[in-house]
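Next come two complexes built around chain A: one with chain B, the other with chain C.
Let's turn to the complex of A and B:
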């Protein structure tokens, strides 16, 4: 009960800050849209590369990547907010006041998920408005959003753990950089089988590759490797939950 | 040395030293463009199989991007440093000295150009190390370095103007996404004639950044191409002259005596 009330309070405050501050809200909506425009529009010629066999077209192919990217960066942006809260002293007061401190981490994670849902809704509306095609009957689409939600939770908990340990806004690159690398060392522009050289090797072992490939199979209406992708995403979320909770203990110890 | 030359030298040296003492200011412009180059050249290598693609090496094609990305960083660095000088009152103290306004701009931008040249040499060295051989030869490399210096000067002047107008480092930083939009909505990843979506091709045609990229690209992958060079140098001259004129107009308000 105390866990839920703390989580609700932290989540509400975090969401209130984001949705009443245009400088936080607009980039969250604009950046995924911009990447979607640049990738799906500018690189649509990639669909003519020999061996590119994604039937739903390049817009749908890139939509999955941009959706996962928005999920991951939605989590990271919440980490920025936590670091800011440390610098203003808010988290320290919160640590003193909260009857259950685990609720703080949970609250930030709920806030990250909620703000991403708004971004995902916006992005989806734009994608359908520009004629994105979905394969099958569309029943597999919820699985794509669930997968992306797990990515959001994992990235949010990663950033939360970093923020709890470093407690400064100078930690932004530490939160952002590994997520950026993990995303872009996956098959971003072409399917895995069309990657050549070192990047194929890196992408093959990158866990986000499974997520992207499964996400693209969902939008194509022909699910494949779904179990592996959900397993990987859930494992990352659990791993980073421990990371964030250990970070919380580190923040508690620092006083 | 004349007074003006002395003033320019001292301010340019200050600009270079100050940048060199802040690793974030020079590491990011060196590392981030190289990272993007690695990611894009790996991920988009298959694009070279498209009929009409001008080279079979995507690294050679994409090597132009770091030069423009580096210029964006130059814009930000130039603007942010000057805005900080305004915020800390350094510019007000300079106003009490006989320093000429033109010398202030020249000195400040001299430091930006020096950093731009270091960046360009670094990008070229990485390109050579991974097997890119500029088709225009040694002369082309020299032209490329001149072009890189002019890009740093032109975009640095834009950052300087933004700093003089706003007087705020945060406001200058907020311009970064705007410039990034220009970069991504250009022929950055694929030649304009191979862009399939007509609206995107139109945007890329109207975007001056496309011509800057194609100027660098022509020296690396096609050799001497008068049209690409003319357009690239023309765009950089227009941006530079415009931004310098705007900066010179905004300076007296900040350097009030």
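Let's turn to the complex of A and C:
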């Protein structure tokens, strides 16, 4: 009952606040751009490491990571917004006004996704402007964006679940740290086969590695392990959807 | 068939971990279109009761139904039927008043075409039309309260919960809010559940009053019934003169008076008879006052404490700062 209208209301408010306040909008665009500049520009020499065989170049290689990173952090920052709404009491207004409270979680997730789509568009424009090369005429690019969107949804729902349980902005490190670890224990700077030792072992079992490797194969126009990557991302999104909804029940019980 | 907009609670309990029973088995029944005043000091359990009735807090035990819907099992139906303005008007400082109304209307599923007109109607009604397009962070406390009331009314609720709605309001805003609440009940048939710690508010506004203390309802009835329970009016005369006291004693039982002499009237004695008796004796009085019993007298009679200040004692006690006798 009224799931869609509740989700629409929650998402509208979140997006309205971001897009009418430069102090909220600019960091969302600036941070991914900073990482992209630092990684793709400052570390471009890494592409000369023996065995680095990504044909589209280091800019495209790093673009995939920064796109996924912006998706993940975009989701996490939504959790921070939810925690702030708990501290200001605004969530109580939503809980009171929303006949269907599942719509609150859905609304926050939709807002996170929409915000990230703006970031992704901006990042893509910058990447092409600095000469990023794409293989296979770019026909596989939508799959890359879909994969990153699933990462955004999964991270957003993870952070939402934490925010709903802890209900304080002090919970931000709890939301952010696991995502940070998952991102940076993936093959960020070089392909998986160039990693060695324990970091290779960790990266191998890290689910985000499948996402990054498949994402890079999409931008190269030679998709590989796409099914596994989508399976992992979708499974994480479903898992964290349950986590977020259980968090909502916890918030309801706490009043 | 539409369900009646009643509020019912049976043996409703709310316990907090490591805390006392905030609500300790209360029974309630509020009839359709009635204004029910829930009166008590800070910490008595008023707000906790409202949180349970509005589905924001699950009860530990007991049952409650609002507009015929169970607050635990049928929460979505309850929320679709009620409006509520809670103690803290949690508003988003980045939104304008009109945007808040738009958000609330969307959450409640009001048809899109209906929203602008409804927002204008409510902004006009609460006197916020001029400030409608200003961000809420610039609103005064009174303006926020009025916007909160407008938000509670967006979807034309059949039951309205107001948790200390006039706390912090200036007398003019308070009177305006009383007028609006009275109009809602009488003209639109809205059932109103109003918590307050102001005796005057309960007295003026409520059809019936429930007095809560330490999580229990200690008295319930119309203000007149409750006051009648605690006894007859008193008459106080000044100055404190033995001859005046003798005259007054013929009309009732003497009671202590700080400034003069006083009696609690007995039987059908009234002020006119007292004036005549004093005149007949040639006694001059500086001041003669008739004191009707107040709800504070009711609270005093039921709990042994005065309502004013009772909350402060409880708050101090809950912080472990219960008053100690002076050394």
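One rule holds for everything that comes next: the second predicted complex is superposed on the first by the 254 of 255 C-alpha atoms of A that agree within 3 Å, B and C clash if a C-alpha of one lies under 4 Å from a C-alpha of the other, contacts with A are read in each partner's own complex, and residues count from 1 in each chain.
Convention: a contact is a pair of C-beta atoms (placed from the backbone, for glycine too) under 8 Å apart; a residue touches a chain by one contact, two chains touch by 3 or more.
For clarity, every value in this text was computed on a predicted model and none was experimentally measured.
By the touch criterion defined above, A:49 lies against chain B but remains apart from chain C after alignment on the C-alpha atoms of chain A.
In the superposed pair of complexes, A:100 makes contact with chain C only, with no contact to chain B. When the shared chain is aligned, chain B comes close enough to touch A:194, but chain C does not. With both structures placed on the common chain, the touch criterion links A:41 to chain B but leaves chain C unconnected.
Contact with chain C, but none with chain B, is seen for A:5 once the two complexes are overlaid on the shared chain.
Residues of chain A that touch chain C in their complex: 1-2, 5-6, 8-10, 12-13, 16-17, 20-21, 88-90, 92-101, 252-253, 255. Considering their complex, residues 51, 54-58, 76-77, 79-80, 84, 86, 88, 90-92, 94-95, 99, 103-104, 106-109, 151 of chain C touch chain A. Chain A contributes residues 27, 30-31, 34-35, 37-38, 41-52, 181, 184-185, 187-190, 194-199, 202 to its touches with chain B in the complex.
Across the complex, chain A is touched by residues 35, 39-40, 42-47, 49-50, 177, 181, 184-185, 188-190, 194-197, 199-200, 204 of chain B.
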